[in-house]
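For reference, the structure I am asking about is given below.
Naming follows writing order (A, B, C and D), and every chain is counted from residue 1.
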C-alpha cells in the first residue's frame, strides 16, 4: 500500500452557519492529500499537466461524514493507494482530527486524459512508477 | 416522487486550471438544488434551523462526474426524493448543462440533528409534510 | 455610465460560523456582476480569453462591508463603468439585498494581459466598443 | 509593530482557468494570517466568539494584486498591526511566494460586535492585551 498524510488547520471560511466545516470542503481536503502526495513523490500535478500533457480529473467521489470538524481543529488528510493504476486510479481517503476522530472517509476514482483533446489516456509512466515503488516498500 | 430543479450560470471562480468547473463545486450545486427546493416549498433551511432548532447535516455523498461543465454553461441542478424521510433523507441529484448533457449525478443522504445538542432527531414534521404532499402529487 | 445588475440567492456554503455570508464572497459576487455584464453584452469573458487571447486579471480591489447578507437573502450585484478603458478598467460595484440595503460596495480595477505571455496589452476593441455604446446610451 | 506570518502551499481548487490563484483567495489568505496570529497568541478567534461573545467582522478590505501565485507555490501570508485597537483593528497584510515575490498586499479593517446583538463593542481586553505585549516587544 502507498500511504500519505498531510496536516493543516481548519480555515475560518471553510465553516458554515452550522458552526462546522461545510461538507464540500472534505472533498477538497481529499484533493490536498492526493496532490501533496504527488508533490512529495517528486511528480507534482502541475508537472504532470505541463510536462506530460495529462490531466487527472475526478471520475467518482464517495464520502461518508462521521464527525464534524470545527474551527480550531488541526486536520490530517490521508490518501492510500492499493494498486498501480492502468486507466483508473482509486484512492482511499480520510480526514482525521487532532484527537484521532475520523471526520470523513471515502474513496475517489480518478481518470487520465490528454490535456488538449480531453480524451482518456493511460496513467503516465512517471506516476505509475512512483506508486509502484511506494507500494513495494511496504 | 418529489422533483425540483433550479438553473444558474457557471461562476468564474468555480473553474480551475484544467479550464473546467472544479469537481467539489458539483457537491455545492447539489446543495443549491436541495435548499432551493425547501425554500420553494415554503420551509427554507434557515427556518428549519431557527424555528425548529433542527440542522440537516450531510451523512453521505456519492457523485459520478460525467461531463465537464465550463464557463459560459448554464447548469440545471436537480433533486429528487422518492420517500418521506424518517431518520434519514435520501436525495437523488444531478447537474445537467444547457445542451442536456449530464455533467454529474449522485445521491446525498442527510440526517437531522438538534442544533444545540448535535444529537440525531427525526425529520421535522413540516419537512415530512412538504415532501409527502409533493410525492403524492405525481 | 454603463450599468448592469444581476440577482441570485445566497448559497448555504457561502455562510460562515458567524451566521452570515463570509466577506470573501462579496469579491466573488462583484466578479459575477462583471462577467454577467460581459456575457449580456455579447462578449463573454471566455470568448475574450479564447478568441482574443486576452485575460483580464484583477489589479486592485477595494470593498467596504456595510450590512451582513444571510441565508435566505436574494442579492443583487451591480457593476458600473464610467469610462472606456485604455490600459485599465475601473468598475464600481455593489451588493444590495432584497430590502434595498447595501451589503457591500467597492471598486475593482482590472488589467488586460496576453494569455500566453502574461504581458500587459490594451483593452480588446470588442470590449471597448461594447462599453462605449452602453455609456453613450445614457 | 506586531508581526506574524504563516506558510502553506497553494491548493488546486484555488486556481482558476487563467491557471493562477483566483484573486478572491488572497482575501482568504489574509484571514488565515490573522487567525493563525490570534491562535498563536493564545486567543483564537473561536475562543473570542464563544467565551467573550465577540465576533470580529471585516469592515473594509483593500488589496493590490502584484504577481500571480500558481499551483506548486508555497505562500507566506503576513499580518502586521501597528496600533492597539479601540473600536477598529487595522491590519496590514501581504502574500509572498517562495521566491520572495509579493503576490498581493493590502490592508484589512475589522470591527468588534456582540455575537448576539450584532452591535459594535470595543476590542476585547484579551486581544488588546495580546497586541499590546507584542507591539512592545519590538
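To be clear about the criterion, contacts are C-beta pairs under 8 Å (C-beta built on N, C-alpha and C of every residue); 3 or more make two chains touch, one makes a residue touch a chain.
No experiment lies behind these values; they were computed from the predicted model shown.
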Farthest chain from chain B, going by the mean of C-alpha atoms per chain?
D
Pair exhibiting more inter-chain C-beta contacts, A-D or C-D:
C-D
Taking each chain's centre as the mean of its CA atoms, how far is chain A from chain C in angstrom?
33
Whole-Å distance, chain A centre to chain D centre, using C-alpha means?
28
Determine the centre-to-centre distance between chain C and chain D, using the mean Cα coordinates as centres, and give it in whole Å.
24
Do you know which chain C residues sit against two or more other chains?
12-13, 17, 20, 24, 28, 31, 46, 71
Give the list of chain A residues in touch with chain B in this complex.
17-18, 20, 23-25, 27-28, 31, 46, 49, 55, 57-65, 68, 115, 118
Interfacial residue positions of chain B with respect to chain D in the complex:
12-13, 15-17, 19-20, 22, 24, 71
Okay, in this complex, where on chain C does chain B touch?
8-9, 11-13, 28, 31-32, 35-36, 39, 44-47, 70-72
